[in-house]
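There are two complexes below, and they share chain A, which is joined by chain B in the first and by chain C in the second.
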Partner chain A sequence: MKSKKSQIQLAESIGVIVVITFLMVMGIVVYHRFRQDSIEQQIREKKEIDAVSLSNTITSLPELKCSAFSSEGVSCIDLYKIKAISGCLEKTVDEINYYHDYYYDYFYNANISVIQAYPEEKTYTIYYEEGSGKNIDQIQVPVTIYDPISETNGFGVLIIKVFN
Partner chain B sequence: MIFFKKKRAAIGMQFNWIFVLIAGGIFLIMITSIIMTQQSASNQEISAKLIQKLNSYFKIEQESNVFREIKTYQTVIDFRCTEEGVSDYRVSGITQQTPVEPIFAPGALSGQTIYLWTMDWKAPFKIMSFSFVSNPKTVFYFYNDSQNEDMVRKVINEFPKNLSRNMSYKVGKNPDNPDVDLGETNYDNYKVIYLNHDVTDTEYPYVEITIENDMDGYGEIFFEEESYFLGKASLYGAIFSEDKESYECNMEKAFKRYKILSNLMLSRTNELKAGYSYSSCADNYYNAVVNLKTINKTTSLGFNELTEESIEELYKAVNSLERANDYLALRGCPVLY
Partner chain C sequence: MAQIKTRNAQAEIMGLMVIVVLVTLGFFFAVSLRSNIKTSDIQSDYTDKQLSTTFIIALLQTNIKDCPEYNVEDLIIDCATGENIECNWVGSCDMLETTLNEITDKSLIKWNSAFNLSVWDNEDNIIYTRAQNCGRGSTRIRTGIQPVQLYPVPGNAKFTLTICKQ
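Right, the complex of A and B next:
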């Protein structure tokens, strides 16, 4: 009789431990789930911030920016600088590859282009590397395109697509 | 019979205690491991946030001449830039690659405060921002006497206040207390800087810098082996660098970008030259093309291949390009940069 009582007590103890362990494991799983969601949310936000910060950086890069004397505002891009960097001007394949390799360390997987809307419609691809990213964060920045030879201002949009 | 029952009860009691001990132990291990995991995750999160913060400051496009004092938790940051092209920094086991950003810093910085100073590198147009990293445990000693006093003062005057307090004119002495030997202080990094002065007998790490013309000019740097600088920012780069290898590695990154920018500028200037061929601007565009070709030729070889002749030739081309740009601006022609 006593032995049966002891067995019941032991079974009760084991039951309590199993229930506590189960609750703890459930708690950990739920906590991790929430934490993972929060981390994913943070990563998403960081990528969006990176894309915005990239757009700010690009318009102030000396390889695109208008010179101090011709600057028409914050987002002014020099037409001949766009032509030079997009390979429209005289460039060898080696030079274009060298540019791409260099800018990859800076832009990673992104598509950066300028669509000129006025005085003529034209698209210049500044950098392109799609990589294996599926999600795209896209930022569009209106820009003034300054032609130093005709000394006229055009208008366009700088499009930055970041592949994540 | 009673004896057996008592023995059985005693075994039952013991078994209960063993059971509680094992179960309690397992719980204790579980809770400890959860705490440890959380602590490590939290440390990693703090390190990741610090890296994110530093990354935003190490960008190649920064406002020039900005000094920042970054407060952090007690940590060690290891900076590395080697001649094999490995460039990164590490905070609590998290490594961040810095393939394009020139960061001039000691090998390791420990503590809760980081000093960060940025300066544009121009030759003559802006190429990129240089980052100089230091902390309160880093000290620079400028050796001076009547021979080089003016130059030392010029170089020191450019330093932000928080950095200049860690300077001394007495080699080997604590700047806070000149009667105490450097070896008896708790500075982690120290270096003696000889500007336009031969190295005196010193047991401390040193760099000897010979400046031609002025700080914006060019010159030789001697970290037990010869190297060069071009422009003020690279002169300060040499002062902040751990050694020749890390200085040259960072300058190599800068030269890579210099090559690209001069090449792009050459293409643009050729277009301007063609567009203004029958105007008073033409000569200056022609000169600019010649100088940009020289810059392009020198930068294509790489920083490590610089010689006394090539750095002088580069400096002349830079000066000439600057003059051409000034003339163009004066004549109302489209400027080069």
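Right, the complex of A and C next:
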């Protein structure tokens, strides 16, 4: 009789231990999931900040920036500097590699282009390096495109696609 | 003896209920915490801000194709103060409308953005307006306002771009 009672009590204790273990495992799994989400969120934020800072880097590059433009709050890109830099992509293979090697440190895996919307519609690709990334963060920055020969301003958009 | 057994059983059921209640509360807490996690919008915030503010500033400085001696700002000032400028026998208000329509066609409309671009004179009359998917049923995310001085005429014209979300 006593043996049966103690067996039942033992089974009860084992049951309680199993339930507590299950609850603890559940808790650990949920905590791990939250932590993983939080880390993924931080990585995502970091990449977004990188894309935003890349857009600021590009608009302030002397290779593209207008030499004489005093307006505040808007980025100005020189039309002939865009033509010159996008022309680099059409040169021989060695020079393309050299060009990429130099700008890769600034832009990494990205597609940077300027779309002139007015007065003429034209697209200029400044830099293209897809890498192996698939997710794309895209930033559009409206810019003034200055033609130093006619001394007129056009309207365009700088499009930055960052491959993660 | 039977009474003691019933009491023990009741106490065990109570304990079980407490555990069930705690587990349920924990589950609800976890679910609510998960749904409250703020998603990152740094990139879209930045893009919306850039669009609403930089777009109109860049637009104001854009020279007109058919009469490059004038820019959009000159046309707004002239249209709001009495139309003296003529560009290819077209008045400043009509030229402003043609130019802004062309630029928005090639940018905001082409990108399928939800927006409202408006120009107001110093008496708050609308000189120009164009919108796409930015009315009822959409949320206004950000508005960029750029005042345009009409000196020597008192007051300012206003150039606004509202970015919406459907």
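We adopt the following convention: the second predicted complex is superposed on the first by the 148 of 164 C-alpha atoms of A that agree within 3 Å, B and C clash if a C-alpha of one lies under 4 Å from a C-alpha of the other, contacts with A are read in each partner's own complex, and residues count from 1 in each chain.
The working rule: a contact is a pair of C-beta atoms (placed from the backbone, for glycine too) under 8 Å apart; a residue touches a chain by one contact, two chains touch by 3 or more.
Note that the coordinates shown come from a computational prediction; the quantities given were computed from them, not determined experimentally.
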Just chain B (first), just chain C (second), both, or neither: which does A:Gln140 touch? second
Is A:Gln41 touching the first partner chain B, the second partner chain C, both, or neither of them? second
Could you say whether A:Tyr106 touches chain B, chain C, both of them, or neither, answering first, second, both or neither? first
State whether A:Ile85 touches chain B only (first), chain C only (second), both chains, or neither. first
Partner chain in contact with A:Val29 - chain B first, chain C second, else both or neither: neither
In the overlaid three-chain picture, which partner chain does A:Ile8 touch, first (chain B) or second (chain C), both, or neither? neither
With the two complexes superposed on chain A, say which partner A:Val18 touches: chain B (first), chain C (second), both, or neither. neither
Contact residues on chain B for chain A in the complex? 5, 8-9, 12, 15-16, 19, 23, 27, 30, 34, 52, 56, 59-61, 99-100, 125-127, 256-257, 260-261, 263-265, 267-268, 270-272, 275-276, 329, 334-337
Chain B touches which residues of chain A in the complex? 2-3, 6, 9-10, 13, 17, 20, 24, 28, 46, 53, 57, 60-63, 67-70, 78, 80-81, 83-85, 89-91, 95, 98-99, 102, 105-106, 148-149, 151
In the complex, go through chain A and note every residue touching chain C. 19, 23, 27, 30, 34, 37-38, 41, 44-45, 48-49, 51-52, 55, 71, 73-75, 117-119, 121, 137-144, 150, 152-155, 157
Where on chain C does chain A make contact in their complex? 19, 23, 26, 30, 33-34, 37, 39-40, 42-43, 46-47, 50-51, 53-55, 57-59, 61-63, 65, 68, 71, 99, 102-103, 106-107, 111
